[in-house]
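Take a look at the structures below.
Same chain, two partners: chain A is paired with chain B first, then with chain C.
Moving on, here comes the complex of A and B:
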């Protein structure tokens, strides 16, 4: 069974607890799974401190002075992991986002960019779509499995390449989050196994 | 007698134990085979000069050479390069069996171009899940053990080796996620196996 996905809303323009967007998200994903941070620094701190759980971040672009901008929060998340989906939302016109920031968002897989209107269904639908994709991502499944292992097991040498490199599960986890070569290799191997089993019609697997 | 040389890098910092166990796995089978006269060459003796001197003594007779060492596209490495294009001609009249990374990509072809009859090896880097070392080296050695134990062609041994990989993969599918991950790496190793040169020789051609 999939572990639930946390929906982290980092936005300073929503009505605490009763905002229609928050109510709708809690109805869809569960009261406990939706977290709201008005302060972007605190929101970022939560995200980076909980990378071992599946997360979708709904991120406002603009924050008050003294707080990190939405784009900066996005950049800080991407420095640590490529596995958290981030949906940016703004009440402003998109043309107010700097070109270089837009390029960064696109090149680093911002899941979506949406304008905030009174109709929140588009945003909720994007979160649902992100949640589905997160469940289906091989790297996210691997991340989830590794984070469930004991600290002792994660720190022990796990994989050796014949060019004499050794990797622990923690090294592999980091590589998966950073889309590094050893993480991508593991993903490819899993897909290879799946294709091999399907083509050989070995579909009866034990749990 | 079938002259068989096994170069194994027991001195390697990262994989010395693995190569030693792999060597033991082969010796357990061919050591009791009356047709086989085997010479083991330990890591510190695997130098280009030493290998050349050993092979010169054969006076052109056919032989089998097994390399349980590191490798890359162009060479076999045991602390230093000991087989490359520079001494490939010494392997004319051999059946070369390699468990080293990537040696099927180029150096295997160079050996065959220099008169080596048949070559079995891997075209890419191969990887080992440490808790499953026994399964990994058993799969790597399966082809040469089968070739020396049976009256079968190089191609038949190669095919049995691929089949054995598949059997081991299937055996792992009924276990834990750890087993599944090990299976994905076995698949990756299996799929970069290659057979070059003459496919029809049997052990009798080396006797």
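Moving on, here comes the complex of A and C:
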């Protein structure tokens, strides 16, 4: 059974508590799983404080003075993890977003960019699609597995290489979250291995 | 467990062997969005594709338009070059991948060309996307015996991404297969690339080709020969003027002044411009070479009458006078190798215009000067492209170069000022001279009168008439002189107003943000009705939404009223005293309201300050502050609103206070945001302070919440309005 995904909405242009978007998200994902922050600093704080949870973030681009911009929040999240899907929702014309920011969004895997005037059903279906992908992503599954292990197990050296480097599960987790080379290559190898095992019928999925 | 360890081991080993693996994932919409930003129009699109030809070591490029003047199944845009061509891997790994410009390994093309790359990496696909829906690439490298043909169909991408929308799945761009085939029996000596675009998206008129021609002509420096050559031809089967027209740099005409600086390589001296006030003209001086190396620059300045003439000839097309362009070894250098059709979209990399906004109007801007700066790889190796290719690397040498350019431009500022002053003093001098002559004349007449009247007293009447006329003439001239002075003041003031109007564009975009936010809310609620009504389980929400939609509409109306205030005729600027306006507002206009609310007012504006601005805008600021105070004062016993103000060297500072409930700690900045309100029950929509801040920002001022002046509770806003010193 999958652990539930938290939907973190960081947006100051929604009707508090009762916005149809929030209502629909709660219906689909459960009352407890949808969190709404109007203040981007607080929203970011929540995300960074709960990296062990599966999360999808709906993020506004513009915030009041003194609060981080949406793009900055996105950057701060990406600094810690690549495993949180972020959907940006803006009331501005898209062309107001700076090119370098757009490039950053593309290259750091922003899930989608939507207008605040889009149908909320469209946004909800984007969230559903992100949630589905989150369940199916190798890295996310790997993350989930590692975070389920006990603390000692995670801190223990898990592997020693010939040149005496050691890796703990936590090291691997960090590399996966930050999309480091080890993490990325690891994902690819697991997929290859899975295909290999399944085609040779040496193992069955019994998990 | 063991298996996972094994995987990790293999992983580490693989990493050793292969450090570069590409892994792309992206949203098609975002990709398209980026394309739209990078390629703003089709002229830019062609321009970018031609730059790619240059990078491929071509010596000849043919840009061909077939049947493009009207929507046509046979319409084609074909760009052919004789460059080095692409291999299958090039297309797969370079052409089809989104580049961010910082991954380019080589900066120069192959010998013997050694061209500095000017094309932006990974922009070709965006450019083609802008021009048409279908693309056929035909390409061949030297020594191979086959042409490679790749078909890329944008409309299919589009279709796929549409399908992906309906199935609620995001498709990845790279998932679309492209057909390719080999065309054999080619001569091994052939090489080149052909970009054949069909299903052309927009029609091209002769004017568009003219425009394209002009932009392409800027690619190569008019004064520095490119070796080996890079020749562009423009061909159209519909417009006679472009049957097979070689693209040549356009001669620069109609300027009022021009100057040219070079260098002496033997003595290592650089020439520089200086305006000599005594001579009233620009002189060239020699200085020691600067850190960035020796450069050549030609400048063409358009003074006011030259610009008028120019605009008349070119029908107000001011994209032609386009500031300073830097050419490296004869070819336009990044980041200037961009062609933004909208002048305001062009990046002001040298900071030429920024300088004007800060400073006075005597500075010369990019629309008054055409400059061609030639640098070379050999002479100026320290001017290096930044990895993002948006600018040059921020080296000391580049900064020195920027400063040097600005110094040269400022010399034209001196010319501008000199011309204006001499024009001004010309009129004044003439008037003063006329005044003096009249006086001399009067003295002469008086003398004649004196001598003559003794002999012929009967002439007295005649002299009286002459004397009257002299008096009248004197008055007229004095009046003219003072009129002339007044006019000068008027001109200066108009320039001030221009400065404070700059942010109106920001304004419009702010308002559109507000409206979209509101519309988004309303739309989502309406959508909810559409999907769910009727459903007794949702009745609570239906009722709530009905009320909210109504409220939101009311808010929206307020916002549109605010917006319309810009469209109304009373946008005119007028002189008015801020002191009088505030006193009038607080002591007269609101007198009745304050009486009924039992609010005491204290108004102490120490200095007077006359501004030339839109009075309504100013009143808006205070009306919103007053409305807020009234709300905040509801539960206070002895209600007070206080407004004080004074003038110092640079600003007019105002404090606006009440002794109401005050603002929660932590909300100091938040309160200025749109729709941010803590008084929703009292009908607050969160627009008032937003308007206050935007209005003040438009006047280049600032507003902030400071410690409350009135105790124990209350709010104090500090407003600072800067004025332009002349």
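One rule holds in what follows: the second predicted complex is superposed on the first by the 200 of 207 C-alpha atoms of A that agree within 3 Å, B and C clash if a C-alpha of one lies under 4 Å from a C-alpha of the other, contacts with A are read in each partner's own complex, and residues count from 1 in each chain.
Note that contacts are C-beta pairs under 8 Å (C-beta built on N, C-alpha and C of every residue); 3 or more make two chains touch, one makes a residue touch a chain.
Predicted model only: the values in this text are computed from it and were never measured.
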Quiz item: On chain A, which partner's contacts cover more residues, chain B's or chain C's?
Solution: C
Practice problem: Please work out whether A:106 is in contact with chain B alone, chain C alone, both, or neither, and reply first, second, both or neither. | Solution: second
Quiz item: Between chain B (first) and chain C (second), which, if any, makes contact with A:42: first, second, both or neither?
Solution: neither
Exercise. In the overlay, answer first, second, both or neither for which of chain B and chain C A:27 touches.
Key: neither
Exercise. State whether A:186 touches chain B only (first), chain C only (second), both chains, or neither.
Key: both
Exercise. Scan A:196 for contacts with chain B and chain C and give back first, second, both or neither.
Key: first
Practice problem: Please indicate which partner A:166 is in contact with in the superposed arrangement: first for chain B, second for chain C, both, or neither. | Solution: first
Quiz item: First (chain B), second (chain C), both or neither: which does A:157 touch?
Solution: first
Quiz item: What is the contact status of A:66 with respect to chain B (first) and chain C (second): first, second, both, or neither?
Solution: second
Self-check item: chain C-contacting residues of chain A that also contact chain B
Solution: 158-159, 161, 185-186, 188-190, 193
Self-check item: chain A-facing residues of chain B, complex
Solution: 12-15, 18, 70-72, 99-101, 125-131, 166, 169-170, 173-175, 177, 180-181, 183-185, 187-188, 191
Quiz prompt | Touching residues (chain side chain A, partner chain B) in the complex | solution = 145, 157-166, 185-186, 188-190, 192-193, 196-197, 200, 202, 205-206
Quiz item: Can you list the residues on chain A that touch chain C in the complex?
Solution: 12-15, 18-21, 23-24, 62-66, 91-96, 99-100, 102-103, 105-107, 109-113, 115-117, 119-121, 125-126, 128-129, 158-159, 161, 167, 172, 181-182, 184-186, 188-190, 193
Practice problem: Spell out the part of chain C that touches chain A in their complex, as residue ranges. | Solution: 3, 5, 7-12, 14-15, 19, 21, 23, 25-27, 29-31, 33-34, 36-38, 98, 100, 168-170, 388, 390, 509, 512-513, 516-517, 519-521, 523-525, 527-528, 531, 541, 544-545, 548, 668-670, 672-673, 675-676
